[in-house]
Amino acid sequence: MTAALAIEQLLNGLQLGVMLFLMAAGLTLIFGVMGLINLAHGSLYMVGAFACAAVASLTGSFWLGLIASLAAAAAAGAIIEVLVIRRLYSRDHLDQVLATFALILIFSEGTRWVFGSFPLYLNIPSILQGAVSLPGGVQYPAYRLAVIAAGGLIALGLAALITRTRLGIRIRAGENDREMIGALGVDIRTLYTVVFALGAALAGLAGALVGALQSVQVGMGEPVLILAFVVIVIGGIGSIKGAFLAALLVGVVDTMGRFLLPHLLATVLPPSEAGTIGGSASSMLIYIMMAFILAFRPRGLFAA
Amino acid sequence: MAEPVLQISNLVKSFGALRATDDVTIDLHPGEIHALIGPNGAGKSTLIHQICGTHAPNSGTIRFMGEDITHLGVAARARKGLGRTFQISSIAPEFSALRNVMLAVQARQGSSFRFFRPVRSDASLTGPAMTALERVGLAGRASLPVAELSHGERRQLEIAIALALGSRAFLLDEPMAGMGPEGSRALTSFLADLKQEAPILLVEHDMDAVFALADRISVLVYGKIIATGTVEEIRRDPAVRTAYLGDHD
Amino acid sequence: MISREWTVNAALALALLAAAIAAEAAGQVFYITLATRIAILGLAATGLNLALGLGGLVSFGHAVFFGIGGYAAGILGSHAFSGDPMIFGLEGSNSMPLIWLVAALAAAVAGVVIGVISIRTSGVYFIMITLAFAQMLYYFAISWPAYGGEDGLSIFVRNAFPGMNTMKPLSFFLISFGALMAGIAILAVLRGSRFGSALDVVRQNEVRAAAVGINPFPVKLTAFVLSAMITAVAGALYADLNRFVSPSMMSWHMSGELIVLIILGGTGRLFGPMAGAALFVLIEHNLGELTERWQFFLGLILLVTVLFARGGVLGFLAGKVRHG
């Protein structure tokens, strides 16, 4: 185990963290503003990945694929908001869980219908292929660095959007007081659709960016969705800042756990067992961390 | 005078820089109605929340029946006999009136962890519950779901619940709110009887009712008690007139 | 007077029983298996119904208890089969009643641990935390190579029940059906008891419950743990039905499906989970024959049920829920 390897893993953790943030930001915003728990957020992630893969393979351009992922996920988000989600704002969480669970079934099976059961592959754009030399003798893939940078920039952009723009003011007003926002003369229905589509676009972008690192397949959104839930629960539901910090925490703890736990277990167990047990036991790590945090702060670290 | 049933001493509760309860001392003696009045935002709700246990004070003590209850939870206080009715009517909405009261009887008996015997045929629950409903004049409406009761009847039901709990003191939070004149009159005379059962700390906006009922009045302004006394004393108190009553006359 | 709901309930239960017996008479083993699946899934959802329907605790992690029951059957049964002792030198067992007891106790332990942390929260936090705990144990099952890890664990010979040949499909159906009826009876008794009243008022208005002196936390925790125990017994039966147990029994899809069963059947009904399980299994079977995209249509049916037909099957057959 070398320092270079550790730094590489740390960067991988950051990369997972910023992707989780893109998912979690939408989830937490939708919950904060509309009071809705949306299980189908992972499906929007999947829609983004498939749109990117399809457009990239048609046009040969990853960048057009990225734009398509944003557009497709935003459109899918807006459509389900208008058709389904809108009817759920006044319902209890149980109904929201069930209806969005139903949406997952529809999206997953629908995607399989259109694209078949085989995974699609997305190529990393040529400009970002290869590795970058970092200080300390670390060779790190350029694409992953770009993903970290993009995620960081989007986080900054989102912060600016929320604090500086008219839309942001309306969103914050909506979080604090739904009646006030009506009094401000804001069309709440449109605002909700816009917020939902924005969250969907972020999820779709995350799906596309991750799609180039893994394969693009049905069900890819679900593990990420559950991690994003862990993130927003740890961060405090409704808090963008909490989501950002918790996303990085979860990303780094998860990645470093997978990296370090097998090494640690190898000191007491035979190597093969240390590998299998350590690998999956580290999947439990963030849930244990979440349980600990909630035992002391039942409403998360940055509860609104 | 006998020992106070409820003794609140030097209670302080701050929210940031705001002192919502500012060194409040107030007591409740057997057989009396002690009214707590004050303009909106004076901190009446915050004070009631601390007395019933939903908010913890920053300092000060609350003693009930000679026992320090400052650090007990809501359920524990209720079991000791500190009965509260709510500003916003909040009974179990899907139950009938009778089942609401039966639940209070059950809580008083401390027996929620019995898993077998059906409650509907349990005379040790239905008996006392019907008695309490009869006392407030709701016996005829016992089997109706709460949703079908009028606003005034729900208030009566809340008092029946407090009776069934065997309350040793009542905290009544705006019992007259939303009642027509007839309901108010009926409730006023009922409360006058009820105080023989257990003393009442009454928060109420209806000044006619307060002046008709209260044995003593405390006036809360900006978290402080600015005066405590009989109805006459409060009517004459110059500080009260400027701070509060002036607005109404 | 027997109410319309109870007439419908009795008819549903008898229909399930009759279907299995008719399938036996016709020599259609497959349909007995379907009926058994309905009974077992109905029992699992009946367990969840105690927490979710009566207690308002939307547990999105109940599959974990289902899986714990499954592994109890798989682990005890495989040790009994191989004769190897388990940890602490304990013997395995292939006796269903003993397996159910172990399943229920193991689920109770897990239920207390999960419940103590998650019941402190409420609303959407509770949903997500129960989900996260289930994921945690799901990954634990995957990472546990001794009992098959991700590949799961086969049960070579179905575990035994005194006086019955469990390998005969109808016998195993009758055991499962009996367990379902017992589970529903337990819920009926609990619902009518003092505990049931307390749980109901906690669900309706937690603040009010505290105000009359009923501390919500222990009431909710007890309901959660009892609910976990019933679901675990169903899990043990399910493993015996499939003669296989794997981490997928604990997956979040399974948790979601258990909730779906309750809603399809009709929330707040004793027989809702059974009706929902019947509908679910029939949809799965019939749509599955028509199209391999049956989950797409299941999603649509579920969506329409949630948005427009909140009463579920029993709401349609037996009218609105009445409270006393």
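Here the chain labels run A, B and C in written order, and each chain numbers its own residues starting at 1.
Just so we're on the same page, a residue touches a chain if its C-beta (ideal position, glycine included) is under 8 Å from a C-beta of that chain, and two chains touch if they have at least 3 such contacts.
Remember, predicted model here, so these are calculated numbers, not experimental data.
Relative to the whole-protein C-alpha centroid, the nearest chain centroid is that of C.
Among the other chains, the CA centroid farthest from that of chain C is the one of B.
Mean C-alpha position of chain A lies 32 Å from that of chain C. Rounded to whole angstrom, the centroid-to-centroid distance between chain B and chain C, based on C-alpha atoms, equals 44 Å. In terms of their C-alpha centroids, the spacing between chain A and chain B amounts to 49 Å. Counting partner chains per residue, chain B has no residue touching two or more of them. Within the complex formed with chain A, the chain C residues making contact are 52, 58, 60, 117-118, 120-121, 123-125, 127-129, 131-133, 135-136, 139-140, 142-145, 149, 252, 256, 259-260, 263, 267, 293, 295-296, 298-300, 302-303, 306-307, 310. Interface residues of chain A, counted against chain C in their complex, comprise 31, 37, 39, 84, 87, 93-95, 97-99, 101-106, 108-110, 112-113, 222, 226, 229-230, 232-233, 237, 273, 276-277, 279-281, 283-284, 287-288, 290-291, 294-295, 298-300. Of all residues in chain B, only 52, 54, 73-76, 78-79, 84, 86, 90-96, 99, 102-104, 106-108, 110-120, 122, 125, 143, 145, 161, 165 touch chain C in the complex they form.
Residue ranges on chain C touching chain B, taken from their complex, read 189-190, 192-198, 200-201, 204-205, 207-216, 218-219, 222, 323-324.
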